[in-house]
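Common to both upcoming complexes is chain A, partnered first by chain B, then by chain C.
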Partner chain A sequence: MRRRSLRKPYITIIEELIKFALSVFLLSVLVFTLARLAPGDPLYAYYGERVEKMSGQEQEAARERLGLDKPIPVQYMRWAKGAAHGDFGISYQYKRDVKEVIAGRIGNTLLLGGLGFVMIFILALFLGLFCAWREDKRADRVVCRIGTLTSCIPDFWLSLLLILVFSVWLGWLPSSGAYSVGAEKGFADRVRHLILPLAVVVLGHLWYYAYLVRNRLLEETRADYVLLARMKGLSGKQVLYRHCLRNVMPSYLSMMAIAFPHILGGTYVAETVFSYPGIGTLAYESARYQDYNLLMVVSLMTGILVILGNMFAKILNERIDPRMRLKREAQKEEVRGF
Partner chain B sequence: MKKRFPRLSLIILAAIAAGCLACGCFATKDPAYMDLANSNVAPCRTFLFGTDAMGRDIFAMIWYGGRISLLIGFLATLISTAIAVLVGSISGYAPPWADGAVMRITDLVLSVPGLLLTVFLQAVLGGESCYRLAVVIGLTSWMSMAKVVRTEVLQLKNTDYVLAARCLGGGFFHILCRHLAPNFVASLLFMAVMNVRNAIVAESTLSFMGIGLPVEVVSWGSMLSLSENALLSRSWWMILIPGAFLVTTLFCLTNLGNYMRKSVNKRHSNL
Partner chain C sequence: MDVLTVKNLSVSFYRPTGEIEAVKNVSFSLRPGEILVIMGDTGCGKSVLCKSIVKLLPDIARIKTGQIFFQGKEITDYTEKGMQELRGTSFSMVFQNPMTALNPCMSVGAQIAEAVRLRCPEISRRELRNRVIELLELVELDCPKERAGQYPFQLSGGMAQRCVIATALAANPAVLFADEPTTSLDTEVQAQILDLFLELREKMGMAVIFITHNPKVAARVADRVALMRAGELYRIGDAEEIFEETIHNHH
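And now, the complex of A and B:
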């Protein structure tokens, strides 16, 4: 077998870059075509109900002005030319530059999704360790039951439940928005508005990852090296932390790299229910009301995040554990040989 | 790790399913009838679970709506499983270049925001009925399953019995049905049960967001789409009761699915 894995690293980087550019291009074509093939009139996004009162000629003129009268490939070329120069067009609904609309909201989503991601990252590790240490004892079983239950609750219903309990019944926390009107700068106010959406984001994903950590750790504890480490006198806890956890970390890290775009993109339900001004609500609105330019940018952003996450995970894996790369190359050879 | 059969989950699930099927016998009120004189009534003797903002009886709606929700769950899973098996096994069985192409396409579909895909399909198919919604959900949820099937097929196709079947002139579908499918059906079963769960979640979320079933078509999700009003009027029963049924069903399905998953470890821990 040829050792293809010993290629120069810069070739791999160039290869990955080409793959990335190609994926982004295909994604943009796909989203562009999908959005335009869907029935529905973008003029409604721009003019609202007034469209019905417009004459046919006026509608034609408006379409021409927005560049919607040309065939799809021509429209795409035009869009791509603009995008290459950093001009993504205007949002039909907000009648402002798409970049402005997004810039006003991306901070909120990054705060919600980013904080959620960090909390999930840490809590999942702790919960997984705890359950693996207490395997099949009562504590483990109770945590597993509760965890499974939380993973079964749909995000939107959890949001409703939290609003019902903490805003309507107890009146402790606000039920919508990112800050109270007139108190845009207050830190405490901001935190109070963040608690409930954050709880939804974290609880919605937490158990999935914690359970994975738990199962990976359980697999590790059955390995022979654990027996050896125990025999030379390490305590069970020491083995778990020093050896098992360290062996689990690479796969956990790469998993979390893939999870990042999912968690960031999964905030849209929480954002919608809590009327939290973020990208998720924008994505939902733009897809529903044919706000093409906005939709393109939002979709490309999430798509690029997904692609980057996957790529990062792969590179991380191969960096930490070179055997992974060898294995992949070997698999390729094997499949070719078949 | 011992795995006990989740008897309780199965019983509860069966009870809910039976209740939904036989609801004509005991839920005597019409779930679509809007009794405007009795809207927003809290649970009482005549309206066991209360009524919603449009005066519909929630007790009847739960059972009739459950029919729709469960139906969508199963239909969508049937569709997505069929696509996943087909795509996954073709991709796993085909020569590497075709395999690579199919997997790239799957990855591409995965990186399109699911919301956009759903809205697009909804708009194309016109998702006013539950069958169309099931198709939409099925068409957007086959990707991860296809990947599992593909890995299984990749492992299986190098075995001697597949080679033997090929030497005897067995075609692709013959080998798929007789040799490959029986081997990956176990790992598929777990994913299928989880897909039922995810489809029910998708239905309720979409209906709640206003891009699934309309309010007139009663399902657990569309019942909850009225909950914004319910929050304002503090009508907890409109939110808690349908949600409780939904979560119970999902929880039981998950327990069942976890039982079906191949138990990974039968050895004892060395710790």
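And now, the complex of A and C:
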């Protein structure tokens, strides 16, 4: 502890950067190797059914052209060299630059995931507060039951159920895609296509976080300071909002920072079922068809998001919690003292 | 007239395994400006007695029988709304462990300010600040201006207890409940806090119900003493009388 406290701030930053680079490197090696060891032939992604009509020699030649004939470490070196220069290769399936393929899709995923995240963030807080306020009353019990039920339903099944009810039976909402053909710019059309996938993303995650807020709040309501606050003449509800919530916020915020990539990842299932053209469908297809270059970039992007989310959570936590913040400031004083 | 009168009060905890009577048929009255010490072993029901008067019992506990009067008015059946009014203005409480009684994520000044603002919502920022510092000076905290901006974990136990007392005094209460306020402090600080109670009583004229299990602490502050054992209040009288009696009984 003491040794750490004497370090200068920039050393901490460098340390974090090294950790970050190391994690990304390890992740890339892992994904690269695993993808190549998985059964299946990437030539199918490139040539489709035509592969079966190709002679052995032609197949060898194709492999050589795509650089798939070398041993895995050599292939990795080649990939890493390209990646360092911003060249991630081409997608075998789309036969276009990987960056282009992703650029065309990432907006859709960020819209779905971002919107889902914001909704989960706000709704979980309200639900948690509501349940903590009505602890063990009927309303709390009902919400808890429904919440547990929805969070236990697998996302893909919930998606199918929603499609069945709202698209097939009622015909209110479209069952797939991000927009109708020929109406790419229409706002209303866009929203109509978003509702069902968004519902799946939100319902799939909401209760986990709401329950977390509820339980952390209930822990706080048993603390001594609640009695002092009540003795000031505050009502139970006021104590919950003004005192307990304040103590729960730091851990909630850091929790949600970690949850961001998780929820974004949750969109992958919704995207796949609703054929929503986002990163999720890309990830699924690229893994299925051995589209190595695409798979690498999609996994690395997701991985980097997870790592950044964790780092952000740590920084956030230190900023908000006065105990952490003041300890940090005291450490700085100490550094100046030397 | 007595500030507070308790008649035949019984309080029970209702657990799935059965009913536990924590306070049994307790009667006493509190005179204006006096310090009444309620003494008894841990678990004899002192704390529950106080919490039942201010109605901050846990959900599983209930007042079974009895009556409570505050300044001649019966408050036994007061609802949460009425009790909130009383807690903010007439009743205050100081707790055993000052470090946990303060919200760890709020500066002590903000916590005292909250109590002040609840009584006069119209107060200006500057006035509020002055009032907080006034209260901290009243409880003899050094450097009140700097301390107001600090968080509980930056204070010692004694300092934190002074802040809790300042919070309790913000309402200018008629009755101050002190639930073992010195138990978690070391001896020297204990003496200082006890003197502070005596001094504050002189200055502000409130009546104090002081709970302790420590006879030395009781002897230092008590005007009258009530003795409790297993939920029953079996003896109440002037401090000198009771202590003499106890000493007499022991020889």
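Following the convention adopted for this analysis, the second predicted complex is superposed on the first by the 315 of 338 C-alpha atoms of A that agree within 3 Å, B and C clash if a C-alpha of one lies under 4 Å from a C-alpha of the other, contacts with A are read in each partner's own complex, and residues count from 1 in each chain.
Note that in this section contacts are C-beta pairs under 8 Å (C-beta built on N, C-alpha and C of every residue); 3 or more make two chains touch, one makes a residue touch a chain.
Small disclaimer: the values here were computed from a predicted structure and weren't measured.
A.B. asks: Report clash or fit for the pair chain B and chain C bound to chain A in the combined superposed model.
C.D. replies: Partners fit side by side after overlay.
A.B. asks: Go through the superposed model and pick first if A:Trp79 touches only chain B, second if only chain C, both, or neither.
C.D. replies: Neither: A:Trp79 stays clear of chain B and chain C.
A.B. asks: If we overlay the two complexes on their shared chain A, which of chain B and chain C does A:Phe274 touch? Say first, second, both or neither.
C.D. replies: Neither partner.
A.B. asks: Check the residue A:Asp321 against both partner chains and state whether it touches chain B (first), chain C (second), both, or neither.
C.D. replies: Second partner only.
A.B. asks: Just to be sure I read the superposition right, which of the two partners does A:Tyr179 touch: chain B = first, chain C = second, or both, or neither?
C.D. replies: A:Tyr179: touches no partner chain.
A.B. asks: Check the residue A:Arg246 against both partner chains and state whether it touches chain B (first), chain C (second), both, or neither.
C.D. replies: second
A.B. asks: After superposition on the shared chain, which partner residues are touched by A:Tyr92: those of chain B (first), chain C (second), both, or neither?
C.D. replies: Neither partner.
A.B. asks: If you stack the two complexes on chain A, which partner ends up touching A:Ala287: first (chain B), second (chain C), both, or neither?
C.D. replies: A:Ala287 sits against chain B, while chain C stays out of touch.
A.B. asks: Check the residue A:Leu227 against both partner chains and state whether it touches chain B (first), chain C (second), both, or neither.
C.D. replies: Touch status of A:Leu227: both partners.
A.B. asks: Determine, for the superposed model, which of the two partners chain B and chain C contacts more residues of chain A.
C.D. replies: Tallying touched residues of chain A, the top partner is B.
A.B. asks: Just to confirm the geometry: in the superposition, how small does the C-alpha gap between chain B and chain C get, in angstrom?
C.D. replies: 5
A.B. asks: Both chain B and chain C touch chain A; at which residues?
C.D. replies: In chain A, positions 223-224, 227, 230, 236 sit in both the chain B and chain C interfaces.
A.B. asks: Help me check something: in the complex, which residues belonging to chain A touch chain B?
C.D. replies: Of all residues in chain A, those touching chain B are 23, 26-27, 30-31, 34-35, 37-40, 133, 135-136, 148-149, 151-157, 160-161, 163-164, 167-168, 175, 215, 218-219, 221-224, 226-227, 230, 236, 239-240, 265, 268-269, 272, 283-284, 287-288, 295, 298-299, 302-303, 306-307, 310, 332, 335-336, 338.
A.B. asks: Which bits of chain C are touching chain A when the two form their complex?
C.D. replies: Touch list, chain C to chain A: 54, 56, 80, 84-85, 87-89, 91-93, 95, 97, 100-107, 111, 114-115, 118-119, 151, 153-154, 164, 167-168, 170-171.
A.B. asks: What does chain A use to touch chain C in their complex?
C.D. replies: Touch residues, chain A against chain C: 223-225, 227-236, 242-243, 246-247, 250, 321-323, 326.
A.B. asks: If we count contacts the way the header does, which residues on chain B are in touch with chain A in the complex?
C.D. replies: It is residues 1, 96, 99, 107-108, 110-113, 115-117, 119-120, 123-124, 154, 157-158, 197, 201, 204-205, 208-209, 211, 224, 227, 231, 234, 236, 239-240, 243, 246-247, 250-251, 254-255, 258, 264-265, 267-271 of chain B that touch chain A.
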